[in-house]
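Structures incoming, each one as structure tokens.
Both complexes below contain subunit A, partnered by subunit B and then by subunit C.
After this line comes the complex of A and B, so read on.
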């Protein structure tokens, strides 16, 4: 049992454990026949949650009060504008991605400008920004469903050796963020700011610069997610970002990151994203009605969070 | 009064042992505190002083040993039975709620203040107690604690603990009570302690300022490595023998006068005189500048604005220009979730990195280097920072600033709660670094430290009221300057 201790003390282990259990429960119910299809679907949809979850994680690491509520609107705007820009032309795929990233940059900068210049708390600033961004999306979309370029649609729904391309893209982004968080100076800085902004300032950390970069990164990740999601689902829709508001925050919390900031991890985001999708598919497989499904989802999430927060209490 | 019967000790501890992991914080401690006695407790950082305090006040249950309050064996243990035994404790890390008013904080400590009009009664009581202990204080007891300076908070906390609501305190524990008080306030407090003890109360006094211990205590207990090594009446000690009992030898105090900073060294700071100041603020390369005066008269603000003006809040920059050593650790010093090593290395990660990636090998080496240089008491630099005693945390903050290439080091009364041996080591490092061309700006509430400086600015109400050089630096001159504006 002692050999397991270092693994059990990791805050992300609970989300992975929960994901594995849910997967087993679902696969067993269908007699194992659906295991392959289920894992492909799970990987794909989890990857979208991972992309927004990573950005939200960085923001939440900045400490109490820091959260980005403009994530869904950014997803919608970037999906809409990028597809509109590409006009189903396969040659414009990369410039289209660039358009999405620029939208992310712009939203991130605008968010931090509101927070800093007008001294609005982040939760209000990003919420108001999300209305502005969503209105832009509505105005430019006008109810038309624009199709993605053929090659891009094929790529986003395709697989390499059975692994969905979207999951690989999510993995690549996760690795970048993991490196930033665990290996780079930037990661130390956001963790320091999350623990005590005053102490961080007096230790020579450029607090505003670091927070600015973090909000921009979060918006860029949401924009990339929007670009891929719109291409994957055959076109941008105005409500495509809606479910990612709570999802982005839930995966951070379930993944074992400290809600009060200062302490985050990337593996937990994956475990939590897989788990969040698997819970819904499990309850669907069991054939529960919508009401019971939502209730059970809530209860299961609470159970995982309680389990995940225990090692933290023990350490104190 | 029954004089034939020996009164039972207010607190009696027998064979108390406490271990935090591999560290034995208390290793079989016996301690009696009798009524009418001021017991002085001294020892190095990590000797176990704060741990025995926490055992006595019930905050920590000993792993072995027994505890009795007023002759009654404490069975249940905990804060409840300690308070029932009349034990009150003024903590080293202040424990008032900053968002509540002073009156409301009083209510938190004294459950007896209930019913209609408790605010009025609490206000009367706390105002009177504050006035008794610190005559002439200027604290508005209806204000919130958050608006008070750190010295005023300490005064309020002390007064709350000496207050009598339903029953009088029998033992008041003072853990470094004067660390943020200036000399005048400290003397008022010590006078009150003597009065309180004279009236039959007991005090457990912990202080690194040996003068206070020697002048105020009736008996002294010396602790070392979790054990009581000497217990004697105060008459048996001199400052020298006390330090020797603690296990460190006072090094010869070299006065700053021996050091002459070349008058033509380039100026690294030069600020014009602010409103109300008699002169501007300047510092030359290699100079040690002292900021003196009564506590909370703008010294810390001066340091903070100096730092803010010279470091960027937006753009990453190596700390080649300026570094800061916090005095109020939990406010702007430590990162509580991190290890000792990370708390140390955050000062200059740029030096440990190539292409923005932190080189863990170089980080480890830095940690071992400074662990040895400042004698940080830990088996492993990867332990959490909060596993260290207060003084050892302070050493980490020192190491953080000194390990940077910063040309100017600002120090915000950083020696609070640091033991004498370490202080001497740090003084030596500061002098050596100053010789090598680093500039220090040092706010201190301790006169000994001000006397180590080359030049001293005395502050009053946020302005510089005097500049003292070389031989002029003395306690008399600093005090005279601090009070000079009183009549105006």
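After this line comes the complex of A and C, so read on.
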């Protein structure tokens, strides 16, 4: 029991536990024969939530009031413009990724400019930015669907030794963010700002610079997600990002990160993303109607959050 | 003299039917407005483009004086009601509405009727009795899919149903039609049902999640905008491709064509053409012209089959939705069909 304590006290353990349970329940429906197919589908779709979740996690770590609502619009714009730029030309795949990243940089900088220069609260600044960005996406292609280059589509839907490439890309980004959060000075700074911006400023932390980098990182991650998502699903669409606004916030909360900021973790984002996909699949598999399904999803999420935030013995 | 007049009149009617843009003097001074609640997807964009194209020619030909389109920013019934009040003050003779709500605009619509304005609602219809309704028979749209499948698969099999946005009237209607069809052809069984929100990527994710637990699927019944995502999910899971009913989107038709050329894949595609806005325009024009028009009209489906796939694909804009623009003659046919 004592040996289990350090593991049980991790805030992310609950999301993983919930993911494992829902996985088992879904696979059991077919007596286990669906386990391989289900895990592949789960890894693929969870990876998209992970990408946007990581960015949102960094922003939320900055403390109360910090949230990026422009994530869906950024996904749509980067998917639309990057695919339009590549024009199904396989030689332009890398420049296309660059276009997506530049869009992320631009949106992130514009977000922070609104927050800092015009002193608009983040929630309103990023919301109004999302209207601008979404209108730009509508205006740029009038809702027409543009196909990805063949090679890129093959890559995003392909697998290596049974593991989806998208999941590997998500894992790679997670390692980068994990390193930033846990091993670099930047991670210490955002946690410090989240715990007390005043104390952080007194301690000589460049608060504005750190916040600026965080908003830019979040937008860039959303842009990369948009680029991959559009290539994966066979084209960009105007409403492709809609799902990812609440998703990005939910995975942060379910993953056991502090909603008030200052304390975050990367493994929880994965556990929560896997769980969010699995819970819908499970309820679909058991054939519940939409009303019951949405209600159960809500109840299960509340249960996991309560479990994750319950003070354990030995913790305050 | 009278015989000559009758001849001239019938010739005019004939010319009208053949070349609908030739002017009919009675409405040449009339102003028609389009009140639209939403523009944020490819279907609505195509709807507005069609309206623009057809009405511009009609104005040039002198059929009506003007036909302006207005779209509200927020998809809110209150905002659209205010918009309609403005149109009353601006003195339009007819207002064509794609409504944000079937009931919330009734007050504004009644005010317009009382001011002597002809109100025609389409797609998103209003229930106010003084307005005309050009409605879609969504139930039949769902039922006809199962009927088609019963001919293709006489032995029946398992169906996967992809629904739209939970809680929306259209989703309930199409789904009810599909279930009616399954009752009519009991060799089919709905093995699973997911919500795809009429979006390819949402449908793809939902289907990928349920697919591993499903038995062999013979066909997928859909609501439009979700067929390509379903096809992608089946391909990713390396399962045999069932008959997937499509919804007239260009990428769906493109995928169908590729399968057809490769292995003779057969299916059908059904949806409402965005050009239904132009049908509403002509119906409004006919009413202003003094024609006797029933209050409830039905929009014909735009259905694409194996033999009409190629020509429809040719006329569909890349990345858009298959479309037809209606003429005055089409409107007359719909009006006559309702009697």
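Rule of thumb we're sticking to: the second predicted complex is superposed on the first by the 312 of 316 C-alpha atoms of A that agree within 3 Å, B and C clash if a C-alpha of one lies under 4 Å from a C-alpha of the other, contacts with A are read in each partner's own complex, and residues count from 1 in each chain.
Please note the rule applied: contacts are C-beta pairs under 8 Å (C-beta built on N, C-alpha and C of every residue); 3 or more make two chains touch, one makes a residue touch a chain.
Everything numeric in this text was worked out from a predicted model, so none of it was measured.
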Combined model on subunit A: subunit C and subunit B, fit or clash: fit
Partner chain(s) touched by A:34 [first = subunit B, second = subunit C, both, neither]: second
Which superposed partner A:186 touches (first subunit B, second subunit C, both, neither): first
Chain touching more of subunit A, residue-wise (subunit B, subunit C): C
Touched partner set for A:169, first subunit B, second subunit C, both or neither: neither
Partner chain(s) touched by A:237 [first = subunit B, second = subunit C, both, neither]: second
Contacts of A:147 with subunit B and subunit C, given as first, second, both or neither: second
Smallest distance from any CA atom of subunit C to any CA atom of subunit B, in Å, after fitting: 37
Common interface positions of subunit A, toward subunit B and toward subunit C: none
Subunit B residues within the subunit A interface of the complex: 304, 307-308, 311-317, 319, 322-324, 326, 331-338, 342, 346-350, 353, 356-358, 400, 404
Residues of subunit A that touch subunit C when the two form their complex: 26-27, 29-30, 34-38, 40-42, 44-45, 138, 141-147, 157, 229, 233-235, 237-240, 242-243, 277-278, 280-281, 284-285, 287, 290-291, 294
Interface residues, subunit C side, partner subunit A - complex: 39-46, 163, 166-167, 192-195, 197, 199-202, 204-206, 208-213, 228-229, 232-233, 235-237, 249-251, 317-320
Parts of subunit A lying in touch with subunit B, wherever the complex brings them together: 179, 183-186, 188, 191-192, 195-196, 198-209, 212, 258, 262-263
